[in-house]
Amino acid sequence: MTSMAILTIFALSIFVGFEVVSKVSTTLHTPLMSGANAIHGIILVGAITVADSATSTLETTLAILAVVLATINMVGGFVVTDRMLEMFKGKPKTKKVATEGAEK
Amino acid sequence: MTSMAILTIFALSIFVGFEVVSKVSTTLHTPLMSGANAIHGIILVGAITVADSATSTLETTLAILAVVLATINMVGGFVVTDRMLEMFKGKPKTKKVATEGAEK
Amino acid sequence: MNKNIYELLGLLVAICFILALKGLSAPKSARRGNLIGAAGATIATVLVFFAPFAKPGDKHHNTALIIGAIAFGVLVGVPAARKIQMTQMPQLVALFNGVGGGAAALVATVEYLNLSAGGEKPSAAAVVATVFTVIVGCTSFSGSVITFLKLQELMTTRPVVFPGGRFLIAATLAGVLGTGGWTIAARGNTPLLVMGGLSLLFGVLFVLPVGGADVPIVISLLNAFTGLTVAASGYVLESTLLIVAGTLVGASGTILTRLMADAMGRSLFGTLFGAFTAKPQEVGAATEARSVKSGSPDDVAILLNYAQRVVIVPGFGLAVAQAQHTVRELADLLAAKGVDVAYGIHPVAGRMPGHMNVLLAEANVPYEQLVEMDEVNPTFPQTDVVLVVGANDVVNPAAKTTPGCPIYGMPILDVSQSGNVIFLKRSMRPGFAGIENELLYDPKTTLLFGDAKDSLTKVVSSLKAL
Amino acid sequence: MNKNIYELLGLLVAICFILALKGLSAPKSARRGNLIGAAGATIATVLVFFAPFAKPGDKHHNTALIIGAIAFGVLVGVPAARKIQMTQMPQLVALFNGVGGGAAALVATVEYLNLSAGGEKPSAAAVVATVFTVIVGCTSFSGSVITFLKLQELMTTRPVVFPGGRFLIAATLAGVLGTGGWTIAARGNTPLLVMGGLSLLFGVLFVLPVGGADVPIVISLLNAFTGLTVAASGYVLESTLLIVAGTLVGASGTILTRLMADAMGRSLFGTLFGAFTAKPQEVGAATEARSVKSGSPDDVAILLNYAQRVVIVPGFGLAVAQAQHTVRELADLLAAKGVDVAYGIHPVAGRMPGHMNVLLAEANVPYEQLVEMDEVNPTFPQTDVVLVVGANDVVNPAAKTTPGCPIYGMPILDVSQSGNVIFLKRSMRPGFAGIENELLYDPKTTLLFGDAKDSLTKVVSSLKAL
């Protein structure tokens, strides 16, 4: 891939990244941060790639460490985000109990 | 440029295009359409490119016609969009005259 | 010019276009956005003269001709854009879009001829892209011309449907696709030209059955299509800028088309495939027999004079009569008399979205007096008089009450909630959608027949005399 | 696997990530968005085992080890994410982010070692990208560890500032950049390792002077940085997927950082360069001498019992005391007695945005009772009792009245407008920002000292006895 292509892809991705989150509500700041954090766990793919071609012990050790860290980042990130969002989930709405013990 | 790069650029541009206009208010529909219309006048660049390398009379004629049409699209498009938007411009606001002839 | 610098500048132009679209989607930045786009386009145009050659030893051809052609294009385009009346802008945009599509089709054709002449075999993907560009570009060109004719009322705005029309369209489409396949397989010039011709025909047939009300949606759709042809040309010419710019327009145009269709309460699908499903319709027999209450300018002036709150509902007729200045004069006069005046703006009043805003802005109507539909609707019960100036469909209760009528489901300005409704129009003819308006027969409605500007002028002088 | 298919699937994964971020920005689609992201990541991980080889004849190494490492990572990451308490989520996210940055730095290092070992000279651009990745990845790693320690309160949450600190940071930064230049020029392994070490130190020094309140902003910033390192690794490894995904996170993270800083009324610039400008501060002398009115659970119960409308303002103390279920019990009890109850939610109450929403959702508090700041503020004058449960800064009038104090300018819940204010807290200690709250001394304020959960339990039983 030419460097121009890479640069173009980079520039377009910046715009997509900006636009896609620019209207998020405060409530979702933390889940969004956490989700984005999980997404950069995709470095796992890079870690596997380098581990897959590593031959010396030093390289292998470092690469395998990278795989472990990246996995934690990715898997943990998605799980914790899901847990946060699960709590937001609008349960089958309980009606506002504003009048005298109607639900008692 | 590889076809993967082109495909990636294409996909990202779609997202940018979608996201960037998705929250436009009704009032701006027409100027936005008109502005987007002017932007595709950039085919002028393509027209100039083919005209620049055209040698036969047929090719030259068609290419020059393309240059004319593309120029009309591009220049006319931006000018007419600007004219529309000029009308929206919030002039130095006249206060709402709701009480008895205060401004007379 | 160094290739890297050239391409970097191309990327910069692409970014300008993104910023332009972004700017255009918010009122505050819209004008700046348009200027950024224009700046980008200018840079790109100047730049292309310094483009590095694909093959060493290439040289420039036709430079003088090209510059002449650009100058000619400017001389045609700028005055057209400058002089056009507000009411005619939509058709001008349609025309500009059409020529853009035509240009894209021509560019792809020339490149195709060029490659075949040079004895090179273009790649399969490039041929497919060429075929796509020519088909869609030609369709967009001829389709836009028809929308222009419709909007300019050089032909009827009603859906044009004739017996066997559906069949003819389907056959043409099949022909287009067939010749497309032929071109891809045989790669000759003849199939390409036949295909172009059939595509032009298809564009005409595609737009003919579209009713005038749906025309802006079709323009927007053709606009998106033209964007895609530009992207395809970019693929053939190996220009990242064209790919990005074209795709941007294609994507944003598609979204915009949907948003517009939503705002008008139309189904996009119905609009698009109307051509295939439309059946000849009988024009409904006029029911002129019922009685209406018509008034004189004096009657109207009196009604207005003693009102606490007046809402003016402008529509397409205001634009036709060019009565925006007169209506403002009336509003100022009423305000000076202590009447609370507002304009109720329906999003699709007139013939393009935002039409009324543009028109009233031209007459310097203060922004605060322009009240959008959602905000003005709840105030009608407290409104004494609604003055409907050349609007019809946007206040037609049929949108609520008559399932199946063309505007059913479109939100309307609920003027019947107010104390009195005054209609300024020239006749009992229906509005754009061609349907009867029950409100004209309502006992609280007064009709003041005549050109809106004349009528308003008379009302103003009666009011001054009071 | 065929290279084209492999790359197409990579593009698909990139699109999943875009859709994930898009989904995560709207409440309705957030969870689905996260799942789409997880699906994309899973596809990518499985896929990479079938990646076509760069050079023909290459073979797989360490497959068993890699799978083992992934399994180990899952075994560490999932339980950590599952078992963590709500209150500790921010620090877990920080930690996850840190390990991600560490992984990126390691990947770049290994690839660098690999190329030098193979005798290949990596391109200048690749070396620059490697240097960038290692510097930012290491900074992100050590910085995140410090934020973790701060949030976990394993170290002080106050800004850590020491004499000469500014100087030390500047020197470290100079060292990092210097060794970076050295690495690019000399391309040895030693400069790279020294650079990595200095970057780790820089990360620590960078985060130490950040006050606890700004920590989430810093986490978000480091998150964006890690995204960029992933993009840079993608450049080195020639993976479009990593480039797109990393850039997406970098861009959205930057925007998010700014949005968060805005929501907390903090200046991003101040937060970032705090390290360079922070001066040692004296801790303000406590002014314990003034009198406050403290009450018993019975007093509070009576106040609540005879109120028409009660607003509960939860804060970080509610999370600490894990009192969300008890507070709900109280609210239900009051509602059953006919009192109009709502929760007033400040956007930055607690230690992460949305903290209170999450916490109260855990206790099944009905959505309708959660009222956002802008909506609840106008209702305080009609509110009889405000029950402040472990909140402090978010109701501190100093944000309005004391220019120069750390929270000046932050919008607050204006509880002083209501009839009575009850504070549930353990002591007279200030809140997160470390500043005195005048409202505690206000005559209409009643303090109920003690752990929030204990106090609430007592109030509930008194209320039942009434």
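Here are a few things to note about the model shown:
When the chains are written out, they are named A, B, C and D in that same order, and each has its own residue count from 1.
Assume a residue touches a chain if its C-beta (ideal position, glycine included) is under 8 Å from a C-beta of that chain, and two chains touch if they have at least 3 such contacts.
In this text the structure is predicted, and so the values were computed from the model without any measurement.
More C-beta pairs touch across one of A-D and A-C than the other; that pair is A-D. Chain geometry summary: the mean Cα position of subunit B and that of subunit C are 13 Å apart. For this pair, subunit B with subunit D, the centres built from the Cα atoms lie 42 Å apart.
For subunit A, the set of residues touching two or more other chains reads 1, 4-6, 8-9, 12-13, 15-16, 19-20, 23.
Counting partner chains per residue, subunit D has residues 18, 22, 240, 244 touching two or more of them.
If each chain is drawn as a node and touching chains are joined, the picture fits none of the line, ring, star or complete shapes.
Those residues of subunit A that touch subunit B in the shared complex are 1-2, 4-6, 8-9, 12-13, 15-16, 19-20, 23.
Subunit C meets subunit A in the complex at residues 4, 7-8, 11, 14-15, 18, 22, 240, 244. Against subunit C, the residues of subunit B that register as touching in their complex are 1, 3, 6, 9-10, 13-18, 20-56, 58-60, 62-91, 93-101, 103-104. Those residues of subunit C lying in contact with subunit B across their complex are 13, 17-18, 20-22, 24-27, 30-31, 33-35, 37-38, 41, 44-45, 48-49, 51, 58, 60-63, 65-66, 69-70, 72-74, 76-78, 80-82, 84, 86, 89-90, 92-93, 96-97, 99-100, 102-104, 106-107, 109-111, 113-114, 117, 125, 216, 219-220, 223, 226-227, 229-231, 233-235, 237-256, 259-260, 263, 332, 335-338, 340-341, 347-348, 352-355, 357-359, 361-362, 364, 366-369. Subunit B contributes residues 4-5, 7-8, 11-12, 15, 19 to its touches with subunit D in the complex.
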